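The same chain A turns up in both complexes below, where it pairs with chain B and then with chain C.
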Partner chain A sequence: MNYSKKEIEIIKELLFKIADDQLIIGHRNSEWTGLGPIIEEDIAFSSIAQDKIGHAQAIYNILHELGEADADTLGFLRNANEFRNCHFVEYPIGEYDFSLMRNFLYNNAELIRFEMLSGSSFEPIAKLAKKIKGEIKYHVMHADTWIKQLGKATEESHDRMQKTLNGSFNLALGIFEPGEYEEALRTTKVFNGERVLFDSWLSSIEKILEDSTLKLPDRSTWNQVYGGRRGAHSDYLQPLLDEMAEVFRIDPTTEW
Partner chain B sequence: MKSYDPRITRAKLPDAEDKSEPLKKMDEWETYEVFHQKKRGEQHVHVGVVHAPNPEIALIFAKEQYGRRRITANLWVVKSSCIHATDYEDQDIFATVPEKTYREASDYYVMDRIRKYQKEHSIQDRKELRRKNK
Partner chain C sequence: METKAKIKKTEILKALEDVKDPEIPTISVVDLGIITDVEISDKGKIKVTMTPTFAGCPALKVMEDLVKNKLFEIGLSEVEVNTTFDKPWNTNKISSKGREMLKKHGLTPPPLHNGFVEINMLIHITCPHCGSNDTLIKSPFGPTLCRSLHYCNNCRQAFEQFKPVS
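The block that comes next holds the complex of A and B.
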């Protein structure tokens, strides 16, 4: 399919927010490596983090094909205001309940987003979405299984999961911050839009939460945290970027 | 002091210093034996163990431990406590009398005869052909 110059810019904006989400949550989750509650979980969680960074790299490569800088430059040399990830993914890892809940809420959205993209008219992203489908399916399986286990295991685990769900839900709503060109993405059949994604996500997580005896926060308390998609971030992002790129920035031209 | 960790038990620490309490039921995870199947239809082969609180999480762990770096069609997990084993003290039940080697598969040499037959009937060995053509 041929796109106008303007349409390419719109596609790029979409790709940036998806790739940035994956990179930042991947980096955050990698902070658990070596500290996981047990070795098997440490390995699984780290591996999931690594997958997400790989997805980011693959999308940066597509952006590179569209005329942007190479993946390393995009990942390591931009400042916070140039990133388009949602606030949710940049928040510190907190305790394990928060990190698991974030993965649960985020991964379920990620799975549906890539399912939608696998039918995109923009072939490079459709192809990638099909390729990584199995990985993301496992990420969701991992998160869903833990949420069900901890939701029902003991009173303490249930209370902690409910508390962390209440505390993170508004951040999760920020995943679906609409872009300026939702309509154009729909009419060009590139992506069906955040609204469709949100509705589908909500029914997915409601099912799992019910199985886990956890309750979605009351709608009257919903207050989505937007800004990330415009480059307006929390104070947590810049230090993360500084740390992530610390070694790369010593000598960006070196061969690894 | 007795511990699950044999190194601690060997150290023979005085009991008085141990103020720990036994784990409560929910805190103590079981181990699950993991069986890996490479291709659909092939047998599952034992590959190792994972710790987990339930079979679902055991499968989630087994996928990363044992399915990540090899081709995998399917995994099984089985509670280690479900395995019944022979006693090593009874290992002598497996001892084969030396002159009964015909009972062992390794005692059969058929390739010589197959090669001879192929030669006599000018049949080409397909496996060998493939190897040469590589």
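The block that comes next holds the complex of A and C.
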């Protein structure tokens, strides 16, 4: 690898936001373990959590190769303002409709993001993306299936899904908060940028929502929740990190 | 030298057939397709490269240790085991013997795919107990990351599939 110091900084910024998104939504998904409305959903959310935390770990390992601390340190010993995940993933799990809708909106973006990254000029992430997009496909299948089922099942389920879509859409737009180096990532062919990702995501979810008889909120109401990619978070992130790292922080040097 | 090194590589792979996946104890790491490289240096140092089935597979660290211990057991001393995504795994990499071993464990082997896995590959798969295709998918997620849950309408048994991954 022959990258300048500046190029490495640019790649790191991209990797941190992706890994942090995966770790935090993975943790949130794991909060359904033991609480799922039916056992299959309990297992599904737990498996998806395990996959996503595995993805975060693999990306932190790449960051480690680029000179950052090891995966455990990056995952467990940073504070909220050092995390680059979007606000959407840090929100509490809420009712099951919110968690499902979040997975639907997030997983569809995540799948396209990793499809884009599988062609990245930065080989370590391209190789990893080629592998894990096959896993994410199952996360998308799961969410799409439920959105279609619940969108069309009963009046109550339809209304709840529509209400939660309306309530979470601006948070979902925060996934695509542009980073400082969008242009440089594009010209070096590392990543084609949030704008391209957003356009492709919108057409993917529109198709599923149409099949589900759910309506995208009117464009005039769109008001994206930004800040996460700069380290400015909602009040929900720090307590989540404190809980997630509680045991690790007792003795960070212990062999697990 | 070249021929001698080659013989050794097959011997190593042969030995590694004894190392089983702790989550599916009928299949070896070799038949599972997760051993991607075996290098033998002139001085006899062994470097084994593995790749995970799923990035978050909790059995991976255990399997790395099992591989190492097996090679110590057959008398090798300088052994290094690494995990990379250089040659990423997919379910087509499971050997035909491996597919038989999955059946022995009561799991339907994954259908072969051409790089794309669609949800319709998961429905109406063959029941490993009675061979019927009158089956239903209950969930694409099962007791381990690599399995999905199914039900057979013919023999009325629940069963699992090693699910296809591209």
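What we mean here is this: the second predicted complex is superposed on the first by the 255 of 256 C-alpha atoms of A that agree within 3 Å, B and C clash if a C-alpha of one lies under 4 Å from a C-alpha of the other, contacts with A are read in each partner's own complex, and residues count from 1 in each chain.
Note that a contact is a pair of C-beta atoms (placed from the backbone, for glycine too) under 8 Å apart; a residue touches a chain by one contact, two chains touch by 3 or more.
Being a predicted model, the structure only gives us computed values, none of them experimental.
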Could you check whether chain B and chain C clash or fit when both are placed on chain A? clash
With both complexes overlaid on chain A, does A:Gln149 touch chain B (first), chain C (second), both or neither? first
Which of chain B and chain C A:His158 touches, first, second, both or neither: neither
Quick one: classify A:Gln57 as touching chain B (first), chain C (second), both or neither. second
Which partner does A:Arg78 contact after superposing on A: first (chain B), second (chain C), both, neither? neither
Check whether A:Lys137 is in contact with chain B, with chain C, with both or with neither, and answer first, second, both or neither. second
Applying the document's definition of touch, where does A:Leu128 land relative to chain B and chain C: first, second, both, or neither? second
Between chain B (first) and chain C (second), which, if any, makes contact with A:Lys12: first, second, both or neither? neither
Which chain, chain B or chain C, ends up touching more residues of chain A in the combined arrangement? C
Which partner chains sit in contact with A:Arg186 here, chain B, chain C, both or neither? Use first/second/both/neither. neither
Need the overlap of the two footprints on chain A, from chain B and from chain C, as residue ranges. 40, 43-44, 47, 138, 141-142, 145
Per the touch rule, the chain A residues reaching chain B in their complex are 38, 40-41, 43-44, 47, 138, 141-142, 145-146, 148-149, 153-154
Within the complex, which stretch of chain A touches chain C? 40, 43-44, 46-48, 50-55, 57-58, 124, 127-128, 130-135, 137-138, 141-142, 145
Would you mind writing out the residues of chain B in touch with chain A in their complex? 26, 29, 50-54, 56-57, 60-61, 63-65, 68
Going by the contact rule at the top, pick out the chain C residues touching chain A in the complex. 51-52, 54-58, 84-86, 88-90, 117, 119, 138-143, 145, 149, 163, 165-166
